[in-house]
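Each structure below is given as structure tokens.
Here come two complexes built around chain A, the first alongside chain B, the second alongside chain C.
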Partner chain A sequence: MSREEIIARLKTILLDTDERSAAALDACGEDAELTTDLGLNSVGMLFMVISIEESFGVVFENVAIGDFVTVRDVVDYLETRLKETGAL
Partner chain B sequence: MKTPSREIWRKYTEAETFDRIVGFDSVAQMWSVRSKEFADSTAIVDQGESVSYSALDAEVARFRSRLGADMAKGTCVGLLIPNSLAFVRAFLAVVTLGGTAVILPAHLDEKAVFGCCMKFGIRKLVCVPETEERTAFAAGRVPGLEVIPAGDLPDTAAPAAEVGGSDPCVIMFTGGTTGKSKGCLLSNTAVMQGTVNGCYGYAEVFEQRYLLILPLSHVFGLIRNLLTSLYTGSALFICRNNKDMFRDIAVFRPTVLVMVPALAEMALSLSKKFGRNMLGEDLKTIICGAAPVAPYLVAAYKEIGIDLFPGYGLTESANLVSGNPESLRLPESVGIMYPDQEYRIEDGELWLKGLNMFDGYIGEEEESRTEGWFRTGDLVRVDEEGFLYITGRIKEIIVLPSGENVSPAEVEAHFNALDCVQDSQVFEAENDNGSVILALEVVPRMTALTAVPPEEVHSFVRGELEKVNRALPSFQQVSRIVIRDRDFDRTPSMKIARYKK
Partner chain C sequence: MNDVKKGKSSSYLFYDFVKATAALPGLIWFRPKILFANEKARERIRGGALLIANHIGFFDPVYLMIAVWYRRQHFVCLKQFFESSWGWFFRAVHCIPIDRENVGLDSVREIIRHLKNGDLVSMFPEGQINRADGELAGFKSGMVLMAAQSGKPVIPVYIRPKRRRFERLVMMIGEPVDVKAIAAGSGMAGIENAAKLLRQREEELKERIGRSVE
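Entry: the complex of A and B
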């Protein structure tokens, strides 16, 4: 799975939390901040993480949700986890 | 006017079960009875460790010994412990020894911990390894403060003390009605009243399986989730991280969940997205409160065989004021008011008295009581059947769908501390999907920005605000920032005219 594919799947998840956040992701790219640019509140962040775990079949370990500031942080972490699990 | 007697609740529960719902003067008395009655049943499951009621009682006795069997009644003992078996053990040890448990939110920084120790007269501070570092600042500055690791269990046991209903039990944090954080003192009578109220209005009460998702520093978590679970001989599975809640549900198969509306909505959305009931087939009951419950949730959950009961409560009322046993018929109501309260409605605002009410705020002037009545700050109406409806709010506090109370003034203070900020306003807004978020509007202090090119002022100020925002606890972080070009509208007294929802 390429980085672009990860971002595309992440976007479908964000669409389920807030349509505005998916549009903001298009506008800001990977530097978009999850809270102030994408407008995610604490429950939105939780929804995103649980959805990622379900969709990608990975478990977020040794990391707090608050550690993710930008979309890039999430994608970097996902890339690392997918490589570790052999899915990438 | 008095609220209905407990008999009004009888029809919702089988007679034999209903008659088991009895009062206790204190948490110590309740624990003495229940720890023996359910001795062999599982009390707590935490990180794979399952502890029976009798085993937990033995651990509690050992921790009482660590606290000191001669600890004076009413001694304030701070608990800086996230949700865990260690919290439950320490809490029960403190209150069965006649102490007052000061529940410190586990995210507090070291200076806030120090401030709480001074303000509440904390003499002993119980911590776990992950919070121990944040006790050092207070330990070095508060004379006589003893820091006690929660895992420090001596071989000796100390007996419980005689604890009465009027003895103080717990100090909880609340935004109160003015939006400023306060320590709210609840007596043993109030805490037990809240605990027992949690048993009314549904069929399956005793020996259930509960999952703990809410923080125990929130009254809904402490009283309705932990204490009602222990009172009913139920097993409580502690979910350490909310992101793992559905994995924990699959393992533990809870029958009752105590949730805030935002999580209930999220669970529904995820169930829909992934095509299966994420809450498991064993779940029968959701107790939903701490924030307004969207009426559609009741019907949506009924479709998958789960009864969702909205309720209404406050920290000052030991959590539970009312619960709705007829949520399917009247989904917009927060229910019938529980027994042993009195209420009146003044200019639409609910005023309360009763056994479940708090004893006061610690070290604060009492601004929210009139002639013994607590003014809730909530606007209500009561229908001809006695069902309560919340129609609005006059207090400044923001209650998020996650149940967390946010004081706008407290959050604004962090942003206002920046040189480049002249004034700010934090308020409740909605995103495009209708979810409630925190928003921030800021008026820049242009005199502090003369070195910044005019076209870069907004981006500079935004950058500074984002740095501050990231350092805040997640529930206080704003999700939208607007930099204003002109000042806020002002009231005649020149205060910011606050946005009303």
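Entry: the complex of A and C
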């Protein structure tokens, strides 16, 4: 799975989480900040992470919500986890 | 299931000891009066469920233990309590730590796991003690997310603040709310709506409890 595919799937998840955040992702790209640009609060971020785990089949381990500031942080973490699990 | 499960009950030895020791003094001191919103609310809570209540003081967990005396409860409390000199106590009574500033995914998974395992988890969605004489603050929606993920109901309880020192403790238990059905398919909007509904239910309990004791 390429980075572009990860972002595309992440966008679908954001659409399910909050339509406004998906639109903001289009506008700002990977540098979009989860809280300020996408407008996600801590519960919204939890919702997003749980959806990512279900969609990608990975588990976010030893991390807290505050560890992710931008979309890039999430995609980087996902890439690492997918490589570890052999899915990438 | 947490209740009296063979082979697992020994881990609750300290919890049960504390509960048994505090039961009689608690009943004498608080003289609790437990009301129910309707017949559905009167039914005993079986299996996994999330118990929520307004947060009026440090004794609220004790009050909830009295209200649902027949079940062991896992209270969600601040991580800072676990780091204090009383940390051993909170661990021994099976509380679940949560970091309010930077929510760890492990805490959320732990709560969902308990609910799915059939445990009763108790928390205070106002997030902190509210001394506004029974007026409810906004509810944090994280509890809805956890209950919806586990597929278990949320049961609201209202604790009436005491006007006088020796006044009886009065609580009202509401009927279970299926938040998964309310929040399904509408993302964060559904989660927020369910949190608002639960706060509304809590307000209704507050009004009804006021009428019941007047």
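Just a few scattered comments:
By definition in this document, the second predicted complex is superposed on the first by the 88 of 88 C-alpha atoms of A that agree within 3 Å, B and C clash if a C-alpha of one lies under 4 Å from a C-alpha of the other, contacts with A are read in each partner's own complex, and residues count from 1 in each chain.
By our rule, contacts are C-beta pairs under 8 Å (C-beta built on N, C-alpha and C of every residue); 3 or more make two chains touch, one makes a residue touch a chain.
Treat the numbers as computed from the prediction; the structure is a model and nothing was measured.
In the superposition on chain A, A:Thr35 makes contact with chain B only, not with chain C. When the shared chain is aligned, no partner comes close enough to touch A:Ile6: not chain B, not chain C. Contacts of A:Phe60 after superposition on the shared chain: both chain B and chain C are touched. Residue by residue along chain A, chain B and chain C are tallied for touches, and B comes out ahead. Applying the stated contact rule after C-alpha superposition, one finds that A:Leu46 touches each of chain B and chain C. In the superposed model, A:Val69 lies in contact with chain B only, and not with chain C. In the superposition on chain A, chain A positions 16-19, 40, 42-44, 46-47, 49-50, 60, 65-66 are in contact with chain B in one complex as well as with chain C in the other.
Against chain A, in their complex, chain C makes its touches with residues 99, 101-106, 108, 140-142, 145, 149, 187-189, 191. Chain A meets chain C in the complex at residues 16-19, 40, 42-44, 46-47, 49-50, 60, 62-67. Every residue of chain B that touches chain A in the complex is listed here, in rising order: 242-243, 246, 262-263, 266, 269-270, 273-274, 400-402, 404, 431-433, 435-438, 462, 466, 469-470, 474-475, 477-481. Contact residues of chain A toward chain B in the complex are 16-21, 33, 35-36, 39-47, 49-51, 53-54, 60, 65-66, 69.
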